[in-house]
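Chain lettering (A, B, C, D, E and F) follows the sequence in which the chains are written, and residue indices restart at 1 in each chain.
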């Protein structure tokens, strides 16, 4: 009978908090959006599922061994932990607080105590440590994305890089928005938080996760969810802005066919980009280095088996772990916060400003080239969200002129946007990291 | 000795009990779920999504796009 | 000449112990069974080979750096280790004993001493730590199995879940058998050991390895070998029991064709199962969570590239490491023990009881439904051993009635058995973990 | 408050400035590279390498070799 | 303005040293050789790219957290490090020197200090630690190579193993050459360095990397680059030596067709080889054990999905990480050294002597068997460099006699050379490791 | 100096010696193995196993099974 009570008191129903319940429902909503609405399912299915797993009461899947030890609160274990953490009492909240603010050696010592007491890291906590805290998973995904990217359209018309540059204004405007919210006392974001939130406007999942893991790991869950959700919403977010900022005549502009790009140019481009990064912004070297490496494997033609693996088995494996790891950050105490609301609002503002700046830069470049050379609709593709944003440009172009195929022209700013936001990420890591 | 054996007995009683309770609940839940699904989400509606071919994680589908663009460009020229 | 002697004294022939020789022969026997007799070759080839590697004298492939340092017994290294372990003398047996019973911080300190002395962990020891001690490998295999499992037959006839429940009686009866052997002084199993041995009756490799790694890592080798061997022997073990417990008339019962199961049901089932686990038995969350995640990836239809990877590249990579890691536990001092004999006997008893209970439950359900609705032969499939046990049910059905195709009907209890033993595993981890 | 806001402004100024400088340099560098490539390494020359089918890392291509050897041996015998 | 200066002072151009610039150019040369000249591209593309990444100034991708902390030299961090390292001043060179020579526990303590100060290991440093320092990557590649190797030609004519043995003389002659250079004061190689350099003559990439990582990690970059470059140069290095040592008549010798080898023999050979290794040279057990495991998976016919994965997804993933990790050792201070020149010269000498000894052994065996049974040209294939060296033998045979197909006969010594150099590696690890 | 050089000589002598001893033993062992294999396990017997198509590690072959079941059910109906 006692055992029955014990089983009941260890069950999820008995222990579930309102926050956990809410987060599990949010996980289900993410799964619904991914499966029924096709919201970036490759990431949102693992993230949503990971979010549910992370909030199963008593399972502690997203918690470290020490957090699990504190949660189960056996008196003798708490005393040992208090001793190691240099706390006098054994109040669990104080212990948890001191643990989170202690230095690396205290962390290591506390982990040994928890291990001796039979507690271990939750599965998702381990995944997070290996995949994200180390920085490895976003970099490997970036390598795979590099191996899937064709820089041909960009090389045929390198000026489209300016469109990719302009669209990054969304990132920095949002940073300003976030610090303004803090300055007016509405939210409480540090400059690091603001930078990590801004990167949502980069419309690039791995870049956003990489930057958030370095600058604001406590916001990573909300930032990743916002980034992928808005990337899926690009076909809804961008068109009104694009229509508002362009005239019918501009949308009808037909662009001349792109020149053929030789194999040598495609091989040399990633090397050139790497050298520029190395000389100018070493802080962007991990992200853009892996991206260039993937692209070089793709284009050089002599390591096809490595390129195939980078584009398939490896990126798929890493995506599974990355998604579950991001899900582990969807815990109630971090996600159910006014900050998350702020992040969601700022994220969509970032997307909007980025889109607008891309289109405006497109108008400017068109004017400078005589008014009939560049369709400003391709400017919106500069936010990245590859290849969705380029498809949106193409669709609006076809609406205005059924003979107007902008897809390949929009792929240039589209991949330029990937480079642009990685450069922006490097600058932010340099200045506030 | 007695202690270990009684521990084993308890484990058996609770273990089998729990397995049956759990799977019984699952039988009922599954039944309800199936009935709800067939009433509110009949098959054709269920097949509707999953249309779009999936690109890789945050990846580029530029190959397809290239093909589409080449074909559409060709059609475009031909019609002129 | 001195060097020649040194080479000879470091050779395997000079150093091999009787136990190591025996274990190498057992490894060869496992390879023979796997290759010639098709005993679960995907696991038993790596396990058998790993067992041979682990017993190569002087190579220390399955030993930690500290164990290797103690084995080679350089006086100054032993003195440093003795200092760290708090032992006065430098007797190697005492050092080894104290090391194995010391706490995590002492372990870490001893590892640093061994590393300074130039010793490193054996390759198989590293594989074991990463793949099994962390719990990752069995969970990833379970994810892959989930991605390969079709719950259609189960959803068409959910009552077959009761057959999967009944067959788990084999697990708990065996636990009782193990504690009885201890109670009567024949063997010396703790309640944890008994639980880990019982899980062999679950007929599920990854579940058995996961439970054994948590409750009784010293028995892991024997338990894994027994589990996979008996799973291969299902076509020999089950038929006599099934024939003995059923009448000719019962075996002839033809079951009506299963209804069509919609895609929505298949998508919602893993989510439903996950929620039930979360609410009732958080300790089963890692196992069943990963299983449901794999199944959701399979059924949702929008992440096929992740599902393919989970079913192929990822599960194959993990299987190689899991097998070699299990092999690392086939060391002479742990395997050549009376306990292993006990485990082998108890394991086959578990299989037998599970089979019998499944069949008896089938008879009961058939009686309750009028005596002509359920062929009790499908009950034996409730032990899992997917899909072997279902094939055995089908074969015996065809023997009795050549028009009687039970395969799809037996797949329901078969996958129900996987869920059932994962639930049983959760209960045991909860109570004795 | 002022401090945080001015930090944000600085970050924006330097960030956007750097992004534009970097991508402008990339536009020029790419242009130069493309011109050099088309002058000194025209297409046909570029296609010449990548002939040999690639074996795995340090691996054996024995399967192909076996096939080649079997065929050549057969041809050899036939000619005798 | 201050920020602008900061950005400029953190840029690569401002910080690049002559050594880093040189190493980046060397990386580009390696990429050129790999892509345009087809020099073992599967390894040299990642190695070359990794070499460039490792030399990006200020990025610290190949440096540990402590090295990064010392490089950025914040006074309070240096003081904390000096305290942990037991140094009185905070001179960065002294700190770096003491750090590199300190023991494992001091290393661990310094790492915690650096981590507390916000520094982390560079990406390539992490890859190196996991892939190479642990020994895992070369062993997994060797497993994959085993899964790709067909021992048929060797089993049809086991005497060709003698050719594979003779060619290993190149390894040991080079060891002697290296110690001679040291003995005469020209270079400064320890016996460990000499052994690691000699293994270049084994013409086996993973073996060379494995041995170098154990005996002389500071030379690993140069040794790996030399090994793969010379393997690519086999068609240039070997023919003159082969022509000089054989007569026209010998080169014309036509060899009788190889007998058919049964499946059973192919299954039993890796097991036989493993047992011999276990009994005679446990130090070669990791290398040859994994090789035999891969080959057994290939031949046993019951684990084809594991064998396929070992030959494709797994070996490709490991190759990417191995290549980048080797590249991380191409740092200016280690590579731009007279020693590298010595390694390059000794490496090519090793290849030449190995080739010559293989051919001479071929002549001897031919004489002993009547002078018309063995074409000495197949002896050169004993250095390994599979399958390039066998192709070279075939080509020279065809030159002398257009009906003379030596390819299959040369595959025997070719794979024998892999075994031979792994045995040589084991002996060297045993004696000087 | 002398010491290092003599170490090198010893390494060469033992290394080459061991390589030859090992590979010679392997030649003999392989020969014996091949003879035993051809006598006691001639080819046809060797081919007998490896019949069953392999499911994944502990996995389900339900797809195949489904196919088999569907076909057999169809056959079954047809015969009635």
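Throughout what follows, a residue touches a chain if its C-beta (ideal position, glycine included) is under 8 Å from a C-beta of that chain, and two chains touch if they have at least 3 such contacts.
Owing to the predicted nature of the structure, the values given are computational and were not obtained by experimental measurement.
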What is the shortest path, in steps, from chain B to chain F when you may only step between chains that touch?
2
What's the chain with its C-alpha centre farthest out from chain A?
F
Compute the centre of every chain as the mean of its C-alpha atoms, then state which one is farthest from the centre of chain C.
D
Rounded to a whole Å, what is the gap between the Cα centroids of chain A and chain D?
26
Using CA atom averages as chain centres, what separation in Å is found between chain A and chain E?
38
Averaging over Cα atoms per chain, report the distance between chain B and chain E in Å.
46
Quick check: how many Å separate the C-alpha centres of chain D and chain E?
24
Which positions in chain A touch two or more other chains at once?
3, 7, 35, 38, 41-42, 280-281, 301-303, 305, 313, 316, 319, 427, 431
Please set out, as single numbers or ranges, the residues of chain D touching at least two other chains.
10, 14, 18, 49-50, 54, 56
Chain-to-chain touches, reported pairwise for every pair that qualifies
A-B, A-C, A-D, A-E, B-C, C-E, C-F, D-E, E-F
Can you list the residues on chain E that touch chain A in the complex?
3, 7, 10-13, 15-16, 24, 28, 31, 34-35, 38, 41-42, 45-46, 49, 52-53, 56-59, 61, 109, 112-113, 115-116, 120, 123, 126, 312-313, 316-317, 319-320, 324
In their shared complex, at which residues does chain A touch chain B?
3-4, 7, 35-38, 40-43, 141, 144-145, 148-150, 152-153, 204-206, 231, 257, 311, 315-316, 319, 322, 386-387, 390-391, 403, 405, 407-408, 411, 414-415
Interface with chain D, chain A side, in the complex: residues 155, 158-159, 161-162, 164-165, 168-169, 171-173, 175-176, 178-180, 182-183, 190-191, 194-195, 261-265, 268-269, 272-273, 276, 280-281, 301-305, 416, 419-420, 423-424, 427-428, 431-432
Name, in rising order, each residue of chain C that touches chain A in their complex.
103-105, 108, 134-136, 139, 267, 271, 274-275, 277-283, 285-286, 289-290, 293, 296-297, 300-303, 305-306, 308-310, 313-314, 427, 430-431
Touching residues on chain D, where the partner in the complex is chain E
10, 14, 18, 49-52, 54-63, 65-66, 68-69, 72-73, 76, 79
